[in-house]
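Order as written gives the chain letters A, B, C and D; numbering starts at 1 within each chain.
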Amino acid sequence: MTTESELKEKLATCTRILSMRGLLGLFGHISAYHSAAGRVFISPGKGSDKSILQPSDMAVMDLAGNDLEGKGRVPIESPIHTALHSARADALAVAHLHSPNATLFAIARREYRPVTLQGAMYGEGIPEYPEPHLITTPQRGKKLADLIGNKRAALLRGHGIVVVANDIEEMLYACLTLEDDTRKAAQASALGELRFFSPEECRQFESGVSLESRARRAWTYFTQLESRWDRQPASVTNDFV
Amino acid sequence: MTTESELKEKLATCTRILSMRGLLGLFGHISAYHSAAGRVFISPGKGSDKSILQPSDMAVMDLAGNDLEGKGRVPIESPIHTALHSARADALAVAHLHSPNATLFAIARREYRPVTLQGAMYGEGIPEYPEPHLITTPQRGKKLADLIGNKRAALLRGHGIVVVANDIEEMLYACLTLEDDTRKAAQASALGELRFFSPEECRQFESGVSLESRARRAWTYFTQLESRWDRQPASVTNDFV
Amino acid sequence: MTTESELKEKLATCTRILSMRGLLGLFGHISAYHSAAGRVFISPGKGSDKSILQPSDMAVMDLAGNDLEGKGRVPIESPIHTALHSARADALAVAHLHSPNATLFAIARREYRPVTLQGAMYGEGIPEYPEPHLITTPQRGKKLADLIGNKRAALLRGHGIVVVANDIEEMLYACLTLEDDTRKAAQASALGELRFFSPEECRQFESGVSLESRARRAWTYFTQLESRWDRQPASVTNDFV
Amino acid sequence: MTTESELKEKLATCTRILSMRGLLGLFGHISAYHSAAGRVFISPGKGSDKSILQPSDMAVMDLAGNDLEGKGRVPIESPIHTALHSARADALAVAHLHSPNATLFAIARREYRPVTLQGAMYGEGIPEYPEPHLITTPQRGKKLADLIGNKRAALLRGHGIVVVANDIEEMLYACLTLEDDTRKAAQASALGELRFFSPEECRQFESGVSLESRARRAWTYFTQLESRWDRQPASVTNDFV
């Protein structure tokens, strides 16, 4: 079983990777739930520099959203995380990002449907949270969790995305895949009508390849890249909010 | 109260941050007004390298646009700044940028309306200055200030933008937000019709979150990033004029 | 005649160049066939860091896809490579990439046709493999090879591309050209209807310039660039899968 | 009067700046004519690494295109340069680039017209060379020069651009301006119909500001940036051909 210390280390690494990829920016955060201990670890808000965060920088709360350290590092949108960790036993990792391309589907009048094979993991669709506010209360968190149901993600209108996964490796893979699929969809739209993969084609593809194995390879790949990243801020673009 | 020395330091830092983000380029400039002293500080024109500017590089003028140092560093478009500092007591910081995405709304036949939650600060709209010239005289500056009225920004047709703020931190936040909102609007347009936030939704969002607090967090975040920036010019793109 | 050692060295260099250009990403691979020895060299799968690969990192298989080293480094999509090396005597180098722009033509309902002079090498068109699966079996590989016939490339629906060439230098040139031509096509589509080069114009252009000479110059150019690359991961974008 | 040695130094600097901006790539070249000496200096072809070129790397030819050094460094498209230096007394600097955005107007069925104030220098329009070949003979060069007439530039269909200027500083400014104007036009097209500046508006703008002064400031700015460029190849994108 993963220890709390291992979980915090992985969460910090994943934070830095998402920062390197320009998906986290100023206001994004990710969390992991240690169910045995009933504790949630979350990357800190408050204008922290996401590309250099260490395990000890991760904030700690319980499922009710109580800041267990009293250091004021818990982001104001933490109800996104506590609501999802509470609602689903398989939601051990939750990301709230402002992915530049995935967010486009929360702006245009266009339903999300996968256009890439890897995007098949989102074959069941991605619902949208329509309210023009941040998710800063348990009530709003509950509403978001109800909306997502058993799906993998939600769009937040004019704001960003929420991704739910079984562990941190899967969360990283799911976040990168959604951004890649939506970027290609946005760019291909200039060329003509898009050809989607049907829910049936998606199920067929997913059953033929192991998500766990793909997630593990992506984790190996991006941790290597992150370990030699020089953390130069100007080479990361599109990462404002 | 902020001293002139603090103001110049913050203005130089903000200049470097905007340069790092590719928003300032060759011909942009930003200013801050010290009302007690009646002096305006402004980042220099004349082909200066914006990414390395220091407080002592800031030019100084009065509200009439007189160069108080006689060093010839005041940009030719300084009437943008003096007109706005004169017209509004709350316009203590003014930016003139050639933001690559915001400027697209000064080119296409499309009215600007916010598509992101953070963009709600521009819910009252952004008027456009239509004349095909640079703003190089007090008369043109006055016309621009009249056009902006109490709004936060103006588009300059085929040219760039002007952003008005209460202090330098708010100016930075306002500039980054407008560029982010317009980039997402431009990119999402490929996917379909855009869904805007109505003026009413914008007012509601803005009343629920503190602009000052968001601006402070963004300032913390970007000053950290800028302090470890290697100032490599090729990683900053889209920053010509 | 090229020795196996020279072939592996060139293949590793080409792997790093394509990685530097953001065309290889996590799941792409390239191969070269040494026909005298009946051995295929291929860049490794398994989450390897493509930007630092050396000749000794190249995996080795025979034309039947047998891993001749038993190190488990052969990518699961190796049938793409073995099928093409087997089917055509002139297919001594094969690339499977997830080129961000070329892949757009495997997503949008739009037939590929060249818009640039260099793209004339693809004047005969690029067929598409329509099935929603990875090419992981000899049967699928055979189907792909039949589809390509004597053409230079194939699109894999919602997935990526396959490029066939006579040697590694030509493969690099062909991959870079296809990405450049498709990026320009995608971007120019925003401006209006595209003007293609007809098959006849393409043949005429290709007969007037030497592909071998262009490929050699590109090889000289990009090996120089790669040799001084700092391998910073954040400056390479669009390279997820 | 500028000496040959000064001219070569400036030409090498301009080559490196255009390379830093991703406008020169593998196959672009720029030239300057020393009319008193009757000698043309030109950046070398043959796969040279454009970002590190020095004055001594510049090739030398006469107006008839004879390689005066016999080192084989003159690019095969040198007739572009000799034809224009011969045809116009004011064409002392000539660039042949594959600017990623300007070239889009040589691909889409869309006439170029300026959308930015700085683009007003192209208010007379930009003709297009329609033939599907490289300009490798004096006859083709002559045809190009006739097509350009007294204008500032030409588009080469599916290929790139040619820019004509009075000196190297003006050439740099003209190349950067055309790329900036066309990038904004391409991107703004996603938002709606473009609003152009009329020829009359362009003339009015150009008469009110000094091109020489703007070019000098841009030269100051970009030479500073280039002098501290680390020449990392992955941070320069879109620069293939």
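Note that contacts are C-beta pairs under 8 Å (C-beta built on N, C-alpha and C of every residue); 3 or more make two chains touch, one makes a residue touch a chain.
All figures in this text were calculated on a predicted structure; none of them were measured in a lab.
A.B. asks: For chain C and chain D, which third chains touch each of them?
C.D. replies: none
A.B. asks: Please report the minimal path length, in steps, between chain B and chain C on the chain touch graph.
C.D. replies: 2
A.B. asks: Upon optimal superposition of chain A on chain B over Cα atoms, what rotation angle is obtained, reported to the nearest 5 degrees?
C.D. replies: Rounded to the nearest 5 degrees, it is 90.
A.B. asks: Could the interface between the copies chain A and chain C be described as same, meaning over half of its residue numbers are common to both, or is it different?
C.D. replies: On the two sides of the chain C and chain A interface, the residue numbers are mostly different, under half being shared.
A.B. asks: If every chain is reduced to the average of its C-alpha atoms, which one ends up farthest from chain B?
C.D. replies: Of all chains, C has its centre farthest from that of chain B.
A.B. asks: Determine the centre-to-centre distance between chain B and chain D, using the mean Cα coordinates as centres, and give it in whole Å.
C.D. replies: Spacing between the chain centres: roughly 32 Å.
A.B. asks: Can you give the whole-Å distance between the Cα centres of chain A and chain D?
C.D. replies: Taking the mean C-alpha position of each chain, the two centres sit 45 Å apart.
A.B. asks: Touching at least two other chains at once: which residues of chain C meet that condition?
C.D. replies: 185, 187, 189-190, 230, 232, 235, 237 - these are the residues of chain C that touch more than one other chain.
A.B. asks: Can you tell me, using the touch rule above, whether these chains form a line, ring, star, complete graph or other shape?
C.D. replies: Looks like a ring, each chain touching just two neighbours.
A.B. asks: Would you please name all pairs of chains that touch?
C.D. replies: Pairs flagged as touching, ordered by label: A-B, A-C, B-D, C-D.
A.B. asks: Taking the complex as given, what residues does chain C use to touch chain D?
C.D. replies: 20-22, 114-120, 176-177, 179-180, 183-185, 187-195, 197, 201, 204-205, 208-209, 216-221, 224-226, 228-230, 232, 235-237
A.B. asks: Help me check something: in the complex, which residues belonging to chain C touch chain A?
C.D. replies: Contacts found on chain C: 26-27, 45-49, 100-101, 103-105, 107-110, 132-134, 157-159, 185-187, 189-190, 230-235, 237-238, 240-241.
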